[in-house]
Amino acid sequence: MDLNALEQLLAAHKRDELETSEAARRISELHYEDIGYARVDHSRSARQGFPEVVFGAGKRREQVVGIVERLIRHSPNVLVTHTDAGTYGDVRSIITDAEWHETARLIRIQRDNTELGVGEIVVVTAGTSDIPVAEEAALTAEAMGNRVKRVWDVGVAGIHRVLAERSLLQSARVAIVAAGMEGALPSVVGGLVSVPVIAVPTSIGYGASFGGVAALLGMLNSCASNVAVVNIDNGFGAGFVASLINRRWPNTSEE
Amino acid sequence: MDLNALEQLLAAHKRDELETSEAARRISELHYEDIGYARVDHSRSARQGFPEVVFGAGKRREQVVGIVERLIRHSPNVLVTHTDAGTYGDVRSIITDAEWHETARLIRIQRDNTELGVGEIVVVTAGTSDIPVAEEAALTAEAMGNRVKRVWDVGVAGIHRVLAERSLLQSARVAIVAAGMEGALPSVVGGLVSVPVIAVPTSIGYGASFGGVAALLGMLNSCASNVAVVNIDNGFGAGFVASLINRRWPNTSEE
Amino acid sequence: MDLNALEQLLAAHKRDELETSEAARRISELHYEDIGYARVDHSRSARQGFPEVVFGAGKRREQVVGIVERLIRHSPNVLVTHTDAGTYGDVRSIITDAEWHETARLIRIQRDNTELGVGEIVVVTAGTSDIPVAEEAALTAEAMGNRVKRVWDVGVAGIHRVLAERSLLQSARVAIVAAGMEGALPSVVGGLVSVPVIAVPTSIGYGASFGGVAALLGMLNSCASNVAVVNIDNGFGAGFVASLINRRWPNTSEE
Amino acid sequence: MDLNALEQLLAAHKRDELETSEAARRISELHYEDIGYARVDHSRSARQGFPEVVFGAGKRREQVVGIVERLIRHSPNVLVTHTDAGTYGDVRSIITDAEWHETARLIRIQRDNTELGVGEIVVVTAGTSDIPVAEEAALTAEAMGNRVKRVWDVGVAGIHRVLAERSLLQSARVAIVAAGMEGALPSVVGGLVSVPVIAVPTSIGYGASFGGVAALLGMLNSCASNVAVVNIDNGFGAGFVASLINRRWPNTSEE
Amino acid sequence: MDLNALEQLLAAHKRDELETSEAARRISELHYEDIGYARVDHSRSARQGFPEVVFGAGKRREQVVGIVERLIRHSPNVLVTHTDAGTYGDVRSIITDAEWHETARLIRIQRDNTELGVGEIVVVTAGTSDIPVAEEAALTAEAMGNRVKRVWDVGVAGIHRVLAERSLLQSARVAIVAAGMEGALPSVVGGLVSVPVIAVPTSIGYGASFGGVAALLGMLNSCASNVAVVNIDNGFGAGFVASLINRRWPNTSEE
Amino acid sequence: MDLNALEQLLAAHKRDELETSEAARRISELHYEDIGYARVDHSRSARQGFPEVVFGAGKRREQVVGIVERLIRHSPNVLVTHTDAGTYGDVRSIITDAEWHETARLIRIQRDNTELGVGEIVVVTAGTSDIPVAEEAALTAEAMGNRVKRVWDVGVAGIHRVLAERSLLQSARVAIVAAGMEGALPSVVGGLVSVPVIAVPTSIGYGASFGGVAALLGMLNSCASNVAVVNIDNGFGAGFVASLINRRWPNTSEE
Amino acid sequence: MDLNALEQLLAAHKRDELETSEAARRISELHYEDIGYARVDHSRSARQGFPEVVFGAGKRREQVVGIVERLIRHSPNVLVTHTDAGTYGDVRSIITDAEWHETARLIRIQRDNTELGVGEIVVVTAGTSDIPVAEEAALTAEAMGNRVKRVWDVGVAGIHRVLAERSLLQSARVAIVAAGMEGALPSVVGGLVSVPVIAVPTSIGYGASFGGVAALLGMLNSCASNVAVVNIDNGFGAGFVASLINRRWPNTSEE
Amino acid sequence: MDLNALEQLLAAHKRDELETSEAARRISELHYEDIGYARVDHSRSARQGFPEVVFGAGKRREQVVGIVERLIRHSPNVLVTHTDAGTYGDVRSIITDAEWHETARLIRIQRDNTELGVGEIVVVTAGTSDIPVAEEAALTAEAMGNRVKRVWDVGVAGIHRVLAERSLLQSARVAIVAAGMEGALPSVVGGLVSVPVIAVPTSIGYGASFGGVAALLGMLNSCASNVAVVNIDNGFGAGFVASLINRRWPNTSEE
């Protein structure tokens, strides 16, 4: 919950500028707003450090627009993932500074560019086909106030490619590694760095890759101890966790 | 690689106190030491911030002892996981300050207690049966220089139990949550805190829990965005990743 | 079997108003009617408390229409699930009071609105995308004579949302909870109420949700003891079971 | 939470018979009691209509005894499932009226035999080998205040056996059906009765039964609409849900 | 191999009406004919009692036509399964008596109607949606010289429907039972008859039916001992095996 | 049901040699006998051509003995599968002509050796380790009145071994083929013969054989059309189905 | 890395014909070339004996063209697999001697036809539908300098077809066997030859073939010891491994 | 088949030193010898280049001894895999030069040490726990006439360990790589060498390693094109295939 907003409401109520019933409604909306098909969670920013992110798949276009409209009233930065250009069109017609990121199929509204991280986040892919997922991670991390470095196509079958980026990898506060097929790259990167590695299996592959299951299992069984895993193709989740790892601590207001 | 040790070796060689061939052998051993059945990785501490940890399962007792002997020469703190009291007996006969942790089935040698974290790590379980895995995580985190809080048996079927610990959870720098059965607790904890949650599925359950698979899938599909997952029953890995998240940054020597 | 209809047939036969062979045919049709591609089960209402429901998927349009035609002769309320607007058009051209429910993709004919339940049924979803399945459950329960309350989008990552509806949940005779992804909501609801919870996994999610399998396993392994589960996306089944739970007992005719 | 107990505590506190700190401790314990390895949930009886049930597997013997000791102070009836005769010995040495049920491997303390149901619960098995799971369900239902009828070994390969029990099945308020192998019996029973059927897959079978998975899938895909499913071998859960279905409604205090 | 044809070839070669190389080529073609993309197996009729059947899926239209052309030269009856109306058009333009069976999506050329069975084959479905698979079985059995009875839509949720057909089922020499969802019907039919039951799981269902896997597992674990199973949706295979079971024995030439 | 026994009972009742209530009890026992833990199905012989077979696994020793005692009163031949030598000892102490078959772990009582088949059944194994399952099939077929030929260890990696037995295979009325690992032998045998092949996957193998799943899938996907499959390690079922296939038809009493 | 090219660059740099910075850039590109979305691996030919092969699926058309452009500068032969005719059009507009292979859906540029193998590679399919995968293997092997024999449609259900090709199979240095459905052919071929067999499961089949999983498991469990397996539908990988097996050793230039 | 032995038999028969029936029996035994429970395949050496290997698991001790006795009469080198020390005792009591290899649990009789390979085989493990499987591969390769190099414990989490062995790896004619957990090492080795890599997944790991499935999938999806895979823990198969790859070609007798 936005404490400033809450204090202002309470003050206004005390000064009789606000009816009690209206104050109650507004305070409860600081928590979440019930718009029928969704309860927009306005306190998530306070609880989790970033506003609720809209997962676009399986929602109707007007539902996405409706949720975004509510979120942007309370948060400067908003993300919609797993969406399409048509939905972007509808969003931009009411929020003109919304950006469309084709590769990651993601809408981003970014009005606050404050840097919140202590170091850099490096995002790495095993192959060219893993870039969309990795880009979703990178854009999320940027939206959450991080500097991001991208390293594409350094899969383990040409091990010299990832070794060539060793110093770049070793200077980051956290690494995100996206890989499909056998999903071996996080283990190798994990062995090279002393920071957490967030592994993202991608659904790239065919046959016995089973839509990313082979990569997922590879990453869960990584012999490198500093690897944690998110869902298949969940670039957003990887970017989110990495951002929280990189976030300055303690989160004191003067910073 | 231990830079001090390397500089001393080079200096000794320059002063002709060391034969060239002997110097070469010792330098290469700073990286790893080949003892036939294993290549003990002495540079892991430098690369990953903690020495190689011995996974006891599938190794013969004398192999575990042999590896621990080499590791303790280079590192003050050593862990052996997935082991048993008999192996502990053999280890203690040569390393008298080795500790045995029955619940977690883990041997720990801890000679360095420097605190390295910026905050606390909270370790949470859904049930009583998840404690062994959670304890493995907690002991690992302590061995890596962290203050740890333990919160046992706050599963979601009695939601007031976890809500009662809300403030404790919200004060930590990182949370580890171990749960079997449906594995729902990380989602709830994830929704309450603004820091990363490392979820550890446990093999607790029966029938369609499939040895932890139900919990694993639940955690990978968590609707809370700040959850990352490690392998089933991998308390050690969770403690390791959480320790790196909590570690002071940058890792400058004066700190 | 409709006992009244049977008695009338027997009486008519006794009074020689009906040939024996015709009487036999009509009596056997009270059980089921063989229309070539289907045996329409007219005794199901007697045996199960509701007429056979038409599962539209995999049936040709004219088959659906043919079955509905036979059912409506014997039962005031008829449901067709997993169908489409085109089939609805064909049904309505012969049964003008048929309703089309777009969200649930369901045709409903409801001529009898007698209330049969002892309490209310509450239908809950974890997210916006679970609404179609939940709506199928709600419409089914209404067709079977129940009062239904709907609570949408109260997933566990924002636990305050479901807690806010605690009293509503606790006043119901039975709860239906639809959730995809990790499927954790039934466990939380189950812990809050003292009535049966019918959990419906939905196929909402991606990657390791495996089309609802993660949610299904989560629900089967629920640590709340009052949870029973139906098939993935089986809103109809959930509504059906919940209706039988809520039904007045004993089912005496004067009630 | 036990409201009587709460009122007495508050009254005692008001009369200054109780220190404020002591009153607070006791009130919080009315909710749950933290005994280190477990948080014994004393409010579950109020929330769910039956005290927390102890799942014995994976808990040490002294842990089970400790939890039972706390539960019995607040609840007249206590169950321990998935346990063994040794644990029973320890429990009985402190609670002399504890009963041991060998077939179901279950400890039951039953001091309150009030009947709480509106009708009977019938428990059915497909084969002889399914009896232990079914017995766990039956004992649970009895502990929760129900009259129970048992029908053993009426699997579908001899369909006349189940048809012979038709009237018994049709007179129950709810049916529990335990079956292994192909798990077809709930569908047949479901087609015969107009009440909810709680299906319990058992791990009986071999080869492609996969420890109960075949039966589980069969039950989830039942063509009978009145079937809901619990976890493999979860006799306790089936008995619990069936008890709540059978419970008199509304749950007014005078009843 | 066609023994008559072989003897004629040998005689012709002896009479010098045929070059040795040409004789060799023709004899080898009696076994199979290599047409580049396929080796048409002309000896299968002799070895297996029916010519090779063309599996249409995954073959190009001209390949199907080419194979059918070769087969019809040696066998009076030819089947093409898993095909479409377009392919049928091409086949009929060269073989004018080819029939198209829309429900089963199967082309049949039937020039020999000799009855070869000792009794009847009954083909049964659980539901309306299983008819296409069952029809493939029935058409195959007819093409192989059997009398076939069809019993549609007698699934176990209305057990009286299958019981009503008991005498018909019990008069058959072999039963084929097609069912999706939980696949329980073969167990019930198996319990009613004293002949082999060939069970065909169909991919009808949704959610945890997993495209027919639930039905397949149900059938493999049938508690009726007279059930054997073929692949999901393999109506053709069921019809083929049933035909061989029904075939007169011994297969003496005068018959 | 045994018609002779039924007629005698009815006659005795008519002659007043039997009380009506006693007559009713005995008639119902002709169908099945309820002995508490089991309903012994005495009509199975009439319905399925062989008495109920006792599946020993998961039954207590005294339960097996009790069931066998009842069965042998009505049927000359009785089988107990999946049992052990200890149970055999108990059975033999009351039924002295019971035989123990160590390889197949099966008890057989065989008092009637009438030959009921039209031809021979050939039982084939791919390897030496598959013999126990195959022997269960062979003993079952013999108990059901068939002549059986055994062909062991002719797996496809030495294709000349199975080809050497071609004429023996081709003279049988039905073939049973047991194979583990890749389960390929039924396809090869299926291609050589013109009779049904009952394939039994065995759990022989390791690693990706998954306890017989690889063999099971291989057999279900056989490219030979005359293959039907029973459960993993289900030698009994294979023998049962093969016996029914081989049985003389029609089953007239004079034969 | 191309040693000639490296020496020329070093010489040119020494003769001051090349700036140091330019020389460094060109040398590093001999290893790989970073073109943004891909790091084209120019040293793979040296390390693995064949240039990097472009996996077309999941790459945009312009990305494929860009990578091919870079590869062809360093290697005479280039392959693009899993691509389409449209991409071929774009490739041919800049590389006029590119060939399109419709069956295998593969682009091949082959400027060097040197024969590098010691013997022949035989490529075998079980059925007509497996030809596309087999053709990908054959084309790959030819591109890598091998003589290839093709044997199509010799599946095990007609074992005489593969036996007829025995001598051809036995004369090869290595065999590639592609099969779907039960995947039994590699075991049979493996038993006939004394050379390695590379088995390629194909996704041909339906129902319980699970998109090639049945064939994959069959091949992994082959009872023939000379069988190794590649991914489902991975004709390219099979051709690649077979080529390396067939390659002359040692790889000296004078041979 | 042993051609010398065949010629001698034929000659002896011609010289009337041998009855025709005896000659026939002995010739057929040159192919295989039927000893009841097994058909010992004596022609395998001719067909596959090495005699049949005895898979010990699932065979009784006396069966293993019986088979070994027959094999050693025809072949100088014999292997028994998956066996135990007790069986070894029995084998050595009749074959005194049999060796016991504890790590690999393998009996080896090696009377012929002719070197048959063109180069060396390198056997590599990811960890210490993978050594038993790798040792089985190495011993097999040695038994088949190869020089073998062993490289233990060079898993990818310490990538410098495998890079340190680069030149050794690159000098081999074929590499065998055994790895459990994520199974990533074959991809890295595959990228370093230009020869075939035979990957052996091991069952080392826990949780989501699923007994080697994670490693198996990782290897099947390897992004290195020169990797082929054998079954989980199949060290023998890997050694066998690698031996055939390394074998001199053509296999002329003078070599």
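The letters A, B, C, D, E, F, G and H name the chains in turn, as written, and every chain counts its residues from 1.
Here is the rule we go by: a contact is a pair of C-beta atoms (placed from the backbone, for glycine too) under 8 Å apart; a residue touches a chain by one contact, two chains touch by 3 or more.
Quantities reported herein were computed from a predicted structural model and do not represent experimental measurements.
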Fill in: Between subunit B and subunit G, the fewest steps along chains that touch one another
2
Discussion item. On a C-alpha centroid basis, what's the spacing between subunit B and subunit F, in Å?
Written reply: 55
Discussion item. Quick check: how many Å separate the C-alpha centres of subunit A and subunit B?
Written reply: 27
Worksheet, complete the sentence: Taking each chain's mean CA coordinate, subunit B and subunit C are separated, in whole Å, by 50
Response to the item:
Distance in whole angstrom between the CA centres of subunit B and subunit E is 60
Item to complete: Note the residues in subunit D that touch 2 or more other chains, in rising order.
Response: 158, 190-192, 207-209, 213, 216, 220-221, 224-225, 231-232
Response to the item:
Contacting chain pairs, sorted by label, are A-B, A-C, A-G, A-H, B-C, B-D, B-H, C-D, C-E, D-E, D-F, E-F, E-G, F-G, F-H, G-H
Response to the item:
Residue positions on subunit E within touch of subunit F in the complex are 46-50, 53, 118-119, 173, 190-196, 198, 216, 220-221, 224-232, 236-238, 240-241, 244-245, 249-251
Worksheet item: Can you list the subunit B residues touching subunit D in their complex?
Response: 128-129, 131, 152-154, 158, 160-161, 164, 204, 206-209
Practice prompt. Flag every residue of subunit A that touches subunit H in the complex, lowest number first.
Written response: 126-127, 155-159, 163, 181-184, 187-188, 190-192, 205, 207-210, 213-215, 217-225
Response to the item:
Touching subunit F in the complex, subunit H uses residues 28, 31-32, 36-39, 41, 43-44, 47, 52, 55, 57-59, 63, 67, 82, 201, 203, 211-213, 216, 231-234
